[in-house]
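Each of the next two complexes has chain A plus one more chain, namely chain B in the first and chain C in the second.
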Partner chain A sequence: MPEIILSFGFFAVAILALMGLSLSISRTDSKALETAAGTLIADQLMGRTLASLRTDSPPGSRAGFFSGEFVDPPWDSGSLVSGKTTFYYELTTNQVMDLTTAGPMGEQALSNRLMKLNVRVWWASENQEVRQGSGRLQVVTSRLISEAEVLDDPSP
Partner chain B sequence: MVGFSVFTLLMIVLAAALTRSQEVWRRANASNSSQVELRKAFWALDRDLKETTFETVRATTGPVSLTGFDGDAVWFLSAQDPTTGEFLRTDDGHPLWQRNILYYAVVPDQHRQLHGFDCAGGADGDGYETFCPHKVLLRKVIDNPPGAAGPVVGSSDQELLLDVSPYLTRPQGYAPSTGEPGLESVTIAAKNLIEFRASLEPNPGWNGEVSITLSAARIEEASRLIRVGSEPLDSFAQTFSFSLFPPLK
Partner chain C sequence: MCYIVFMLLKWNFRNPVRGVYFLSTLVISVLIGMLVIAAVFLSRGSLQASEHLTDGNEALKAAESGLRYAQSKLSANPSWRGDDNGITVQQQGLVVEEDNGNVVGIIKINGDSYSQFRIRFNWQDDAGDDADGLVDPAGRNHLDIPYVSVNNARGGSPLPVPRADGPDFSVTEVSSSPYDVPAGTVCVIVEGRSGPGLSQLDDKNLNPGEVNAAVTTRVMEAYLRVAKLPAANAAAMAAGDLLAELPDDGDKKSQVLVGSATGVPRVRSKGEVTVEGGNADDNYVSPDGEVYSRDGTLNAAPTSRDTVRTDTEDPNAAFYKLSWEDVRKSTSADTNVDAGTYVVWDDGSLHYYDMNLPEYKAFIESDPTNPGTTVTLDSDAMKYDKKKLTIKQNVFVSSTGNSDEFNLIPRGGAQVTPDDEGGAVGPIPIDELEQAVKRASSLPYTVSSPDNMGAYLDFPTADLSIVPPGSPLIIGSGTFELQFYTKPGGEATLKVYDSNRLFRTGPALNAPPDFAKIVATTVTDPDFIAANPSAPLVMSQILGSLGAGGGSPGGTGKIDLPPTVDADLTPDNLEIKFEPPKGESAILSADGSINLGSKVTGVGGSITSQRDIRLVGAGSSLEANVEDGLNLYAKGDILLSSLLPKGADKYEYKSFNMKGVIYAWGDFDARIGMEHEDVTKWGSFGLQGSLVAYGAKNQPELGDPGDGDGGDIRIKAKSVNLTFDPAYLSAFTNEVEPGPFMQTLFNVH
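Up next, the complex of A and B:
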């Protein structure tokens, strides 16, 4: 009798392990695809922000962008749909500080101010980036943007 | 008797778990295959569009093989030396145009020989075919030197094609087409795509944007559940939406 109970226990553990493994593979696969798509969306948002700063569209956005930090409220936020997944995003900015003067780097008069643009894209739900069993479903990317770069098109 | 019943029950659950696991493995494998094709298409477009300028990029609808447009076609001038692969510039730093590069999606001819059946096809609301998951993204390199009147768009070495319709042909299986004027090479940038859509500056504020949507299906999974080629693939599609910003001029 004990050996029968033991064999039942073994079977039960094997079944649970198999189901757990399948679930894990399924989640990992979804996360890999969504992370790749989320990274492309973050790059797209970065490119679009740069393009709108270069064209100053809407008018005044370039002056606004370099006027100070946008953390809360962010510079921009919203959602984009790619395939069947809704990606939420938030763009924030930080002023780059000059350690020698302890002030912002660059001067408005010289049009050489420097900002750090942060793009955060997440897709677990609108209010959080963590999904149980999948971990953090989020992509964060950032880039330094100089005022001179968006004033003078660097294209050849 | 009780022991036998429990044992039978466990075996049934184990069989169900095995079946489910097999489905998950199949889905993961199919997903991986389609992601590889999406990445190949992305990297090819990303690399080529970095070696052009936005003012030479054009887009139009692609060929019709089944019941709607197979996708879009995008073409542009490239400053990449066809021999060395180097980016060539004029003395004043502008790109020295070398060739036209054309990308378009198409359902290959001889579909039955390739895949064992024919896609019936079905168009979406925009007139694009979205049922066949076997489209290929072709990359053609075309030499189009300007005529005596000089180029409309381009330089003294290479003129942007104004009409690419003679080049939007269906390959025989995966064999590259030949005989088109100035055609130097044809490569398959990606296989097994559902859609390839491109739009230029979809929003006027996003200057110089080439917006692209690519999708591919988990074909192995879909083929067990639906009649592939004759039904919508929405439940099996994987999509990459991205934007590329070539230099403006």
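Up next, the complex of A and C:
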């Protein structure tokens, strides 16, 4: 009789371990997939922003983008649905400051102003990026953007 | 654990039924365990793949950020090569340090982790031959990457991009250079890195020596070129009219094509823009292009007018202003060559005559076998051998007193057109010269104050806008010199220093000049020219000093030699080849005109003249070989002709294609075709760079477009292809104006 109890014990522990790990693996896989999707969305948002700057669409967006920082309110924000997950995003900008001149890097006359564009994508919920058991569910990416790279016609 | 299992097994095997239960449980447990372990590994692999993807993405963005940083820095300072030493940016999530050509930056991308970008212009070769002109960076900024960036924004010719394959990632004399970066271009190679191995990165440690885990690397490579210079925004700018004459054969391919390397294709004219002949339906092609003219119209075939946007040129709008002081040129400190006329005989020997071209023509036609002085040009800067003059360094044409020109022609002369007999053909048409003579003749004058140098001619009135008070116009030196002064009241004095007594009433040095001879004689008076071979040039200079026109009286045309003289060599048989060291220019400069009756080939060549430039006889090799940065700058007019004699009094015009800058204060004239019974073929004209006819001829300084004489652009060719590329302008100036750099090549590996 003890051996049967022992066997059931082993079996129960194994099953419980399997269930726990399955849940963990499921969460990890899900996070990996969602992170990949979030990265893709962040890239798309960055590409979309660059495209709108290059075409200056809507008109004035290029001048606005390089006119100053957009942190609060951000340059752009919103949400996108991919599969069953809703991805929330926020695009902010920082002016790159030149220590040697103690001012913003570049100048409008030379079309060489430099901005740091930050894209944050999260999907835990609209108000937070942390989900219990999954940790932080967000992707943040940044890139410097120079004014010259988005000029469609540099002619005066 | 093993002991417990062993004891349980031993105890269970005493009872087979119990053993079956237990063994089954064990086997199932082991299987489940294996499944769990496999699943964990799979899951971790999936997560790692995702992280690797993210790392690659972040490395790419770091590299992109470095490239944009470089782009911004270059726009502010086109000579930048990572040498604003020190921390240049330090703010939340972004720190950049430059150290003698090496640039290291970190950018916070995800959470608390940084990604890194690295750029190196430094060859890190202080232990070797120190050829980069940069001190090696501090040890912490020593970069262990083989990719070296190269700034060739001001280079006159392509420059090799080396790989740092020497000891300790240095560039050595034998380092490989897989390709060359073109002139006017900066090759920026950025390495972006990201991953857990860079966990040590922070704003105090931008470039850790060793990484402690996986790091993903991406290398981004781009060419950045000057995209905008002040008021330089059109493929062609004419202060006067812009006229393209195409053949009347109605060929569909006979068109004017206008493009741009950096923006809207555009031509600008303060006068009219006209295309004659060619494709009867559409002879001006410029997708999304613009044409600016005085009346806002384009005189071209019907379809052309529908597809090109036209507008009125603002008469006050500036053109690209490239002053004589700003243009890159050679000086007397460079290798000097005597001014005069160099003539190549059929046997390849080079003969020198200390005289300008019109004098030479008159001289040699009266004494056809006179050999002048046989010379050998053989120095580090220039070498003549076998009908080919190679220019490797800057060469300055030093005036001799008798000549300030540099002429290289075959013995039989160089023709612009089949009927070219010299003199009257060229940038200064004879009717303009006659008009100038009339204007000069109408000025009242008195001869006064003769001295042992020449004479003074006082004029009661003068046009102060031509020569303002306090800015004397001085032409020539040595045996002949003119100095023209004005006073605020309008009086003017022309000092004539004429030791050859061309225009004096007597042989004495202090004899007064025969001003009647000056104003009554033109270059068409054969008796006077025969007696005074220098007269056409001198006359031209005097008229120029009076603001009445002037300029080069023209080239040789066909030199009339007797049949006994061997003179079968044509301009197509001669060659001037520019061959500067890589990345540098070789510039031929003269105070007087430069007339080349030869092919001009090579790369990185520039020709500058304070008067006129004439390239006559440019053959097919020009099209094939001038690939980069041939620049022409003249304070007078520029004439190009590609006439090629084909025997039996037949001719054809070869195509003329070049990349570079053509900048004339006066007119630009390209004769790449002609309606003539003896011309069997027209060539095409192509220019990538910029073409400017500023209209400032006979002005002491470059003012507003059209302030002086000239300014017309006339091109006669089978087809015309103009592509605006301001990078060539930047490579031609002493100081490159700051402005945006545009990306022309992009590669990631």
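The rule we apply is simple: the second predicted complex is superposed on the first by the 132 of 156 C-alpha atoms of A that agree within 3 Å, B and C clash if a C-alpha of one lies under 4 Å from a C-alpha of the other, contacts with A are read in each partner's own complex, and residues count from 1 in each chain.
The rule is short, and it goes like this: a residue touches a chain if its C-beta (ideal position, glycine included) is under 8 Å from a C-beta of that chain, and two chains touch if they have at least 3 such contacts.
Given the structure is predicted, the values throughout are model-derived calculations rather than measurements.
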| item | value |
| --- | --- |
| Between chain B and chain C, more extensive residue contact with chain A | C |
| First (chain B), second (chain C), both or neither touched by A:I41 | first |
| Partner chain in contact with A:S52 - chain B first, chain C second, else both or neither | first |
| Partner chain(s) touched by A:V121 [first = chain B, second = chain C, both, neither] | neither |
| Partner chain in contact with A:L110 - chain B first, chain C second, else both or neither | second |
| Partner chain(s) touched by A:L21 [first = chain B, second = chain C, both, neither] | both |
| Chain B versus chain C as contact partner of A:M97, first or second or both or neither | second |
| First, second, both or neither for A:I145, with chain B first and chain C second | second |
| Touching partner for A:S82 - first (chain B), second (chain C), both, neither | first |
| Touched partner set for A:E3, first chain B, second chain C, both or neither | second |
| On chain A, the residue positions that both chain B and chain C contact, one per complex | 4, 8, 11, 14-15, 18, 21-22, 25, 29, 32-33, 36, 43, 153-156 |
| List of chain C residues in touch with chain A within their complex | 8, 12, 18, 21-22, 24-26, 28-29, 32-33, 35-36, 39-40, 42-44, 46-47, 49-50, 53-54, 57-58, 61, 64-66, 68-69, 71-72, 75-76, 84, 86-94, 107-111, 227-228, 230-231, 233, 262-264, 266, 738-743 |
| Complex contacts: residues of chain B adjacent to chain A | 3, 6-7, 10-11, 13-14, 17-18, 20-21, 24-25, 27-28, 31-32, 35, 38-39, 42, 53, 89, 93-95, 203-209, 211, 215, 234, 237-245, 247-249 |
| Footprint of chain B on chain A - complex, ascending | 4, 8, 11-12, 14-15, 18-19, 21-23, 25-26, 29, 32-33, 36-37, 40-41, 43-44, 47-48, 50-52, 54-55, 57-58, 80, 82-84, 153-156 |
| List of chain A residues in touch with chain C within their complex | 3-4, 6-8, 10-11, 13-15, 17-18, 21-22, 24-25, 28-29, 31-33, 35-36, 39, 43, 94, 96-100, 105-107, 110-114, 116, 118, 136, 139-149, 151-156 |
